[in-house]
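In what comes next, subunit A is part of two complexes: it sits with subunit B in the first one and with subunit C in the second one.
Up next is the complex of A and B:
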């Protein structure tokens, strides 16, 4: 199963966009103009397609900025976020931290990471 | 305050075609689209062929929430704006009045139920939008940028004629300068067919599908479900003239009444259907003899057609105007029938054509001037009638525009 291709197909159908517009580095909000109603649909579709538990807040990095704000000055932001979003690599979190001022950071590859991580947890259980 | 109201744009998606030229050709060549339903081979339907909503909207993600009726309405509204050649700026505060029907596509929409538990895994998060009546209007407003006073009207088979009537009134009384009005509907899904078959409202014939829809004929035995949509741009005449708009017709009057008699059957004496017609003639300020032809509701059910024929004979006395029955050409477009039939009438008026009531061999009344042969005919005033389940009665009078 190619998770990227599966997610791309879901996004093509939901957002009425061209397959060519979607890579793993595509931003959902900045590039594909996804809105809150689209995230509701996306969560339902991913849950249905991959048969995994989906926590919308985690999957869509919903409270990311709030977590960052609440990390005490004494603690490293990178370390703080790694604990909170265990499905993202340290490299990706560093990338996100550097990208915050440019707008919503969620990318297709974050969805892939979440699905892979959840699938693995499910198997382990 | 009383303004004259004119129609300056139309978009029609019908079984006879998707543009005035094709529709006219279909009338002239007796080209109809009746066939047996794949859900129920005993039932004849009149589907719209070759329709793709994206040809009108381009990419639009919210199409995922539009049932077929909403899609027809949206496409027709886009086509009407293009046909009217009206600026986006004029639409900004325009009104929007839509006649809609229920989504009866149970097979596609409903989830499996096991031991009282719903299996909702295949449903969209916002699946309910395909059932909410104003979803179609919301989509039209998003695509066309319309933000003014609006209503979604769900009064069964008179819904879209009432939507057009409401838009007319808002402009007439000065609340709006421009309004979009019309509707879209489809009941050709398995659930739609099942609903009207159980109600014993549908035509059951063994012969060729073309002969199924036969309004006002002695042998009629039910309606043939159709689908489609039509929308119109209505304007205050001063607004239309100022922008040099092409004017198709003027709306001269509108009326609606309710039978208060039964859930589906019309009141046998037609008292309030007759009142609707008398009221619309009064608002239009014309005498019955000034109506050149009547575009009848003419469903092809025993009860509707008998009461309607009686009412026409009564209102117009011994010599009725010509009477046509467009459902013999496109079937019954349910909530959208008034809009689609208005659209077809505008095509007919503009081209001075009066189409035969197809399959009419033995008229149910001999003193009503049913048109049984397509003919050239220059009309000025047309009375359009629609009646619906629940005892809904609506009537509209239009006048051909002569520059």
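Up next is the complex of A and C:
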């Protein structure tokens, strides 16, 4: 199963965009103009397609900035976020931290990472 | 703005006859009723099940009707069985396949998407939570549950 292709197909149908516009590095909000209602639809579509539990807050990094705000000054921001988003690599979290000022950071590859992580968790359970 | 539905009240479910983790069944008797009110009945049924699934702790609303089929010119007369089956879910959104049947024949059939939101200034918890819990209880007569 190619998770990227499956997600791309869902996004094409949901957001009415050309599949050529979507790569793993595409931003959902910045590039595809996804809105909150689209995220609700996307969440159930992913649940339906991959049969995994979907936590909207985690998947869409909804509380990311709140978590960052609450990291004590004494703690490294990278270390503070790693446990919050276990499906994201340290490298990706570092990228996100460097990208925060540019706008919403969620990318297609973050959805892929979440699905892979949930699928592994489900198999392990 | 006043919205007039043409109904004495806007609860378009007479009785919930079965509720389980992923399914809900209800009845509604219509008299010369346009089909859109049947669709509204199905939406109310799905939203009721979403509230039940959340122990009434969040407000539920119809987000999208993804597809809905019925015969053009259909008018609803008599007692209909309304069935809902949850087909997908996330933390805040729920997909349902909802059908209205008369004499075991499907007359309305659709895929509906619902969302939940936290109670807030617009959706007052003190008023709405107890209202829907009471309504749900009232609609359960001789109900079957797991």
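In this section, the second predicted complex is superposed on the first by the 125 of 125 C-alpha atoms of A that agree within 3 Å, B and C clash if a C-alpha of one lies under 4 Å from a C-alpha of the other, contacts with A are read in each partner's own complex, and residues count from 1 in each chain.
The criterion applied here is as follows: a residue touches a chain if its C-beta (ideal position, glycine included) is under 8 Å from a C-beta of that chain, and two chains touch if they have at least 3 such contacts.
In this text the structure is predicted, and so the values were computed from the model without any measurement.
Superposition of the two structures on subunit A shows subunit C clashing with subunit B. Judged by the touch definition given at the top, the superposed model places A:116 against neither subunit B nor subunit C. Of the two partner chains, subunit C is the only one that A:54 touches; subunit B does not reach it. By the touch criterion defined above, A:41 reaches both subunit B and subunit C. Using the contact criterion defined above for the overlaid structures, shared-chain residue A:21 touches neither subunit B nor subunit C, since it reaches no partner.
When both structures are laid over each other on chain A, subunit C collides with subunit B only at 115-123; the other stretches in 7-15, 43-51 or 115-123 stay clear. Taken together, the two complexes place residues 37, 40-41, 43-44, 47-48 of subunit A in contact with subunit B and also with subunit C.
By the touch criterion stated above, subunit C contacts subunit A in their complex at residues 63-64, 87-95, 113, 115. Here subunit A touches subunit B in the complex through residues 13-17, 37-38, 40-41, 43-44, 47-48, going by the rule given at the top. By the touch rule above, subunit A contacts subunit C in their complex via residues 37, 40-41, 43-48, 54-57, 59. Across the interface of their complex, subunit A is touched by residues 59-61, 63-64, 121-126 of subunit B.
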